[in-house]
Amino acid sequence: MIKTGIVGALSYTGRELLKIFEKHSQAELVYCTSESSGGKTGTFFPFLRNNIHLQKYQTQNAAASCDLIFLALPPGAAHDYVYELTTLKPELKIIDLSGAYRLISPEDFSFYYGFEHRHISLAEKAVYGLCEIYREKIRKAQLITNPGCYPTAALLPLVPLIRKNLVEPKDIIIDAKSGISGKGKKLHEDSLFCELNENSCSYKTGTHQHTPEIERILADNGLGIKVLFSPSVIPLSRGMLSNSYFRSRAPLEKLIETLASFYKNSPFIKIREAGRYPAILDVAGTNQAHINIFEDERTGFFLAVSAIDNLLKGASGQAVQNMNIMYGINETEGLL
Amino acid sequence: MIKTGIVGALSYTGRELLKIFEKHSQAELVYCTSESSGGKTGTFFPFLRNNIHLQKYQTQNAAASCDLIFLALPPGAAHDYVYELTTLKPELKIIDLSGAYRLISPEDFSFYYGFEHRHISLAEKAVYGLCEIYREKIRKAQLITNPGCYPTAALLPLVPLIRKNLVEPKDIIIDAKSGISGKGKKLHEDSLFCELNENSCSYKTGTHQHTPEIERILADNGLGIKVLFSPSVIPLSRGMLSNSYFRSRAPLEKLIETLASFYKNSPFIKIREAGRYPAILDVAGTNQAHINIFEDERTGFFLAVSAIDNLLKGASGQAVQNMNIMYGINETEGLL
Amino acid sequence: MIKTGIVGALSYTGRELLKIFEKHSQAELVYCTSESSGGKTGTFFPFLRNNIHLQKYQTQNAAASCDLIFLALPPGAAHDYVYELTTLKPELKIIDLSGAYRLISPEDFSFYYGFEHRHISLAEKAVYGLCEIYREKIRKAQLITNPGCYPTAALLPLVPLIRKNLVEPKDIIIDAKSGISGKGKKLHEDSLFCELNENSCSYKTGTHQHTPEIERILADNGLGIKVLFSPSVIPLSRGMLSNSYFRSRAPLEKLIETLASFYKNSPFIKIREAGRYPAILDVAGTNQAHINIFEDERTGFFLAVSAIDNLLKGASGQAVQNMNIMYGINETEGLL
Amino acid sequence: MIKTGIVGALSYTGRELLKIFEKHSQAELVYCTSESSGGKTGTFFPFLRNNIHLQKYQTQNAAASCDLIFLALPPGAAHDYVYELTTLKPELKIIDLSGAYRLISPEDFSFYYGFEHRHISLAEKAVYGLCEIYREKIRKAQLITNPGCYPTAALLPLVPLIRKNLVEPKDIIIDAKSGISGKGKKLHEDSLFCELNENSCSYKTGTHQHTPEIERILADNGLGIKVLFSPSVIPLSRGMLSNSYFRSRAPLEKLIETLASFYKNSPFIKIREAGRYPAILDVAGTNQAHINIFEDERTGFFLAVSAIDNLLKGASGQAVQNMNIMYGINETEGLL
């Protein structure tokens, strides 16, 4: 059994990890933390069956107790903990769900995350945990930087096409919609039910912190361009829909075949039937990503659409999938 | 008092017209029809105060009773009725909320609406009722073709910029989200609450019937290009958010000033403060359109965002605004 | 023009008052306050047309500026302000939307509201502003204690029956559901969208502060009993549905006729057709109350159902209706 | 492996069965039917992994293929099929999710279900599949009549109390709220998203078909009284909250202890901590029932609250739990 820890167990992503671990046959939760409820024992979420004991985070204890630690924290906190844990116990495996190790440019961390990154060399060693794209690197990784929800949705359809040189290197626009759980549990007036229900708006056009993350992975796979990433919130709890507009010289069939071939052994990726649109309701509560591509012959644009559950394939589900890959366990363990 | 008729009074757009006419001081409802409930008297919607008598539509009666008729019907039916009414009583004013007279190409009607248009010359005479853009023509119009909801949202920010030659003639992408009432009252399994709640998906990428409508008006204002129009449904009852991505050589301030200047006497248009995003909840239940423009300096794209209530500014509210303009009444009468 | 003030203009009920005053022909907003935004000028809600200037509340200024003041505050603050304003300017009219003057027992204030009430004699003079029930008293009132949303919904069907001695004095159960705006804008983790969406639960069974308010008004109309008041939240923004179970020796027709007769001159009350259930969607956004009564012959129970918008007929709409009555204005002014 | 069939596989309850069977280790789906899609092969729901082949229902084939058949059909159709299957193959096990065999009075079938029941003696032999209450009978059952969603929610807290004689035999009122999936996939205008979203209303007060079902099981456990059952719809997809008001001479602690003791070996039943309210969001997507009891000392009423997922514990989850019990499999198999 893998001795596993969750730091930040009462966040939305922590909660999803707890749910998954009630079904996972190869992992044992030995260490859970919460700053607000450290010292208490309970299920904390009434739908869970097993009691857990929550502690206040303490680096020595965390490192001593666990083979693998999930960090479900804001980036600022994760930035420190990852470094300290790695220094203290180099053989510890870490899956960081924050964005603290997803970039390698100090300027990008300052601009997009608002803090000064002091461990860039560690960020350079971190493996980007987009499971279906970096499976081989993940197998051997010590530190996984778990992808953001928007990048997961946007990159899954684009990367296989890019690797085959099927995307023109210009003018990609990604217009993506996220359910509200992406905002997390922070208390703001604009996170109240009555402010979000029956509402939708765009935000952070071109300035969202997932922009450089997407561009870094596109570049890593051969497309070194800037993209316009334009997110919106839509009034549902969980789920994400990503529309990527791009140009290609290949015919639609070629693009779809490329995806089908690339993902044929990936149990969580489904290329929808020709002409069928991925829908959030089909993936909510699952670790699946549904994908399809559409062509507008009049303008020459292609549209890659993908739908995921932002808390599962976009966060905690993919984190456990990464763990499964790291330990050579069946990739779907705990996730069906 | 303007003697007014509503053909199709029990549709969602008919219902909104009935609501508005309970507040309108210059119009009197003298003729209302419903195919399913013709012959009955009542309020039909329990929140209305006044009884109406519903008839089955009959062209002679409609023409004889009314000074002005609103058609809240599917395009196929409106196609015939507009022609017959116009022929029978040329001085009758008509506001057609369907799309039956919004285009002038027979091929477009066949492809996008699925019927053969037999009155193209009448379509050529119809005035496109985008109030703030075509106010002068509307004043003198006999037949108004009331704009579609998506075109209203997309065109309001773009047309003033185009008239000033501020939009590059290439690669405009319009990614727009609509609430569910846009589907109307038709019975389909995929219109059920449980199929739409907590769901969102794109549809009809590049093939939606509002595509040629948008392009026709762009061209009429000086931008003769093809655009990619890409709609989605989002799980709320009423409201629409439209994102238009375009390029411009002008600075952001110039674009915003152009809009502010163009709309300074338009009581329903609000240019949001710099950096503030239009939101559906701010316009739902009103005839307002909220607009703003954002720039992504990294990629050079601009984003024009607009939010409207698809049933009001996107349909029945704008229809009454058109009536007000046609009769020289205060533009906001019945609409505040 | 009535010189009017709103203390707490940025709360949900304050916002609704601002909306109404943009349509009210007899009142002029001369004084608006906000603790957080005092000193700023703007519309504060983007759907409003008129700028207002917000001040920090100051008793002298408030009293000097206004003929009538609406207090849209928590009960603790309203408790003090009402007393001070009344003392300073006895001819000032006040409509208090909080619960601070709805009861007359110090013990009830302590138990249900959690503060010690020091102005019971003022509470005894306040007129309970349930418009259709206390219209005559309201006409002459100086201080209106505006009813709670749940009491408004529960009392409107019950009081006319009680006055005619048609309700058995025992075992009334009121099971009522409220939309989320009833929680106000306070920041709690359990007010977040993801905690309330797709959720519903009961709360405060028998201990909600509206219990003694309902019982006081029932007693005032002749039914001196204790009732079980049992509220729930349901996942919608605005609206309230109240089910009251009671026994009667009269036939159903008699009960319905009694209501129809009682409310025949009340423009906001609608007795639904026999067998038709009041629905929240029919009253949301209006100042209406829809009412009906059902009989279960098998068990002998009757069920009185009512639906209101908790922010309008349950708060700000009724507050303005009270103002209209106090000033002899048409009762519907500003409210259609 | 149990050879299993689903008749009506594309209904909402059929869909949930298909989902569960992708996780069930002891059952094999060998026969699935759909009237509309018979003859087709596919997953039919894009989130499922396994193809199924749909047939048109045919009694001989069904009986020949299966050890156990789930009927996910309207009551009228199930009424005939259960009889024919039982006659043709007496050793076939059947779990009927419709209400066709839940009552034993022909008059009740006529009044509440609207059809003449011709197999009352078979209904008398059917075992009521409320798992935690009738576990022993279920073990040996041939025909299970799977409980309705409302009765499941209402009976789980009441039956253990009744068996201990802790509920006064009078005046029980059950006020229950259901999510929209309880309406099924039938096409009606009032099932459309825009008619149900932001809406709630009561319906069928005292005349819902679950009334005699609840009373029959109460009587079977020792409480032979009539209850008032009063349902409402609330705007969420799945979940149900049931409030039962009753009187008792026992103290609250005794009632709670009785439930805790009764359910101590029932993995799906959770008695919430003292004072904590069951919430729909805690049980949605699970086969759990959350229960608690509250006392109003002022009026002497007790309130039993329960929350379930109407499609799982209220339908398909409980159906599989019944199968597990019938075959001596772990009760939670396929359901965690």
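Order as written gives the chain letters A, B, C and D; numbering starts at 1 within each chain.
FYI, contacts are C-beta pairs under 8 Å (C-beta built on N, C-alpha and C of every residue); 3 or more make two chains touch, one makes a residue touch a chain.
All values derive from a computational prediction rather than experimental measurement.
*Asks:* State which chains count as neighbours of subunit A and simultaneously of subunit C.
*Replies:* Shared contacts of subunit A and subunit C: B, D.
*Asks:* With chain centres set to the mean of the C-alpha atoms, which chain is at the far end from subunit C?
*Replies:* The most remote chain is A.
*Asks:* If you average the Cα atoms of subunit A and of subunit D to get two centres, how far apart are those centres in Å?
*Replies:* A distance of 37 Å separates the two centres.
*Asks:* List the centre-to-centre spacing of subunit C and subunit D in whole Å, with centres computed as mean CA coordinates.
*Replies:* Once rounded, the distance between the two centres reads 39 Å.
*Asks:* Residues touching two or more other chains, restricted to subunit C: which are they?
*Replies:* 195, 197-198, 235-238, 279, in rising order.
*Asks:* How about subunit A: which of its residues touch subunit C in the complex?
*Replies:* Going through subunit A, the ones touching subunit C are 12, 180-181, 183, 185, 187-189, 191-198, 235-238.
*Asks:* Mind pulling up the subunit D residues that touch subunit A in the complex?
*Replies:* 22-23, 45-47, 49, 198, 267, 270, 272, 276, 279, 282-283, 285-286, 288, 290, 336
*Asks:* Can you check the complex and tell me which residues of subunit D touch subunit C?
*Replies:* 171, 173, 175, 177, 195, 197-203, 205-206, 226-228, 230, 232, 234-239, 241, 243, 245, 277-281, 284, 294-299, 301, 303, 305, 307
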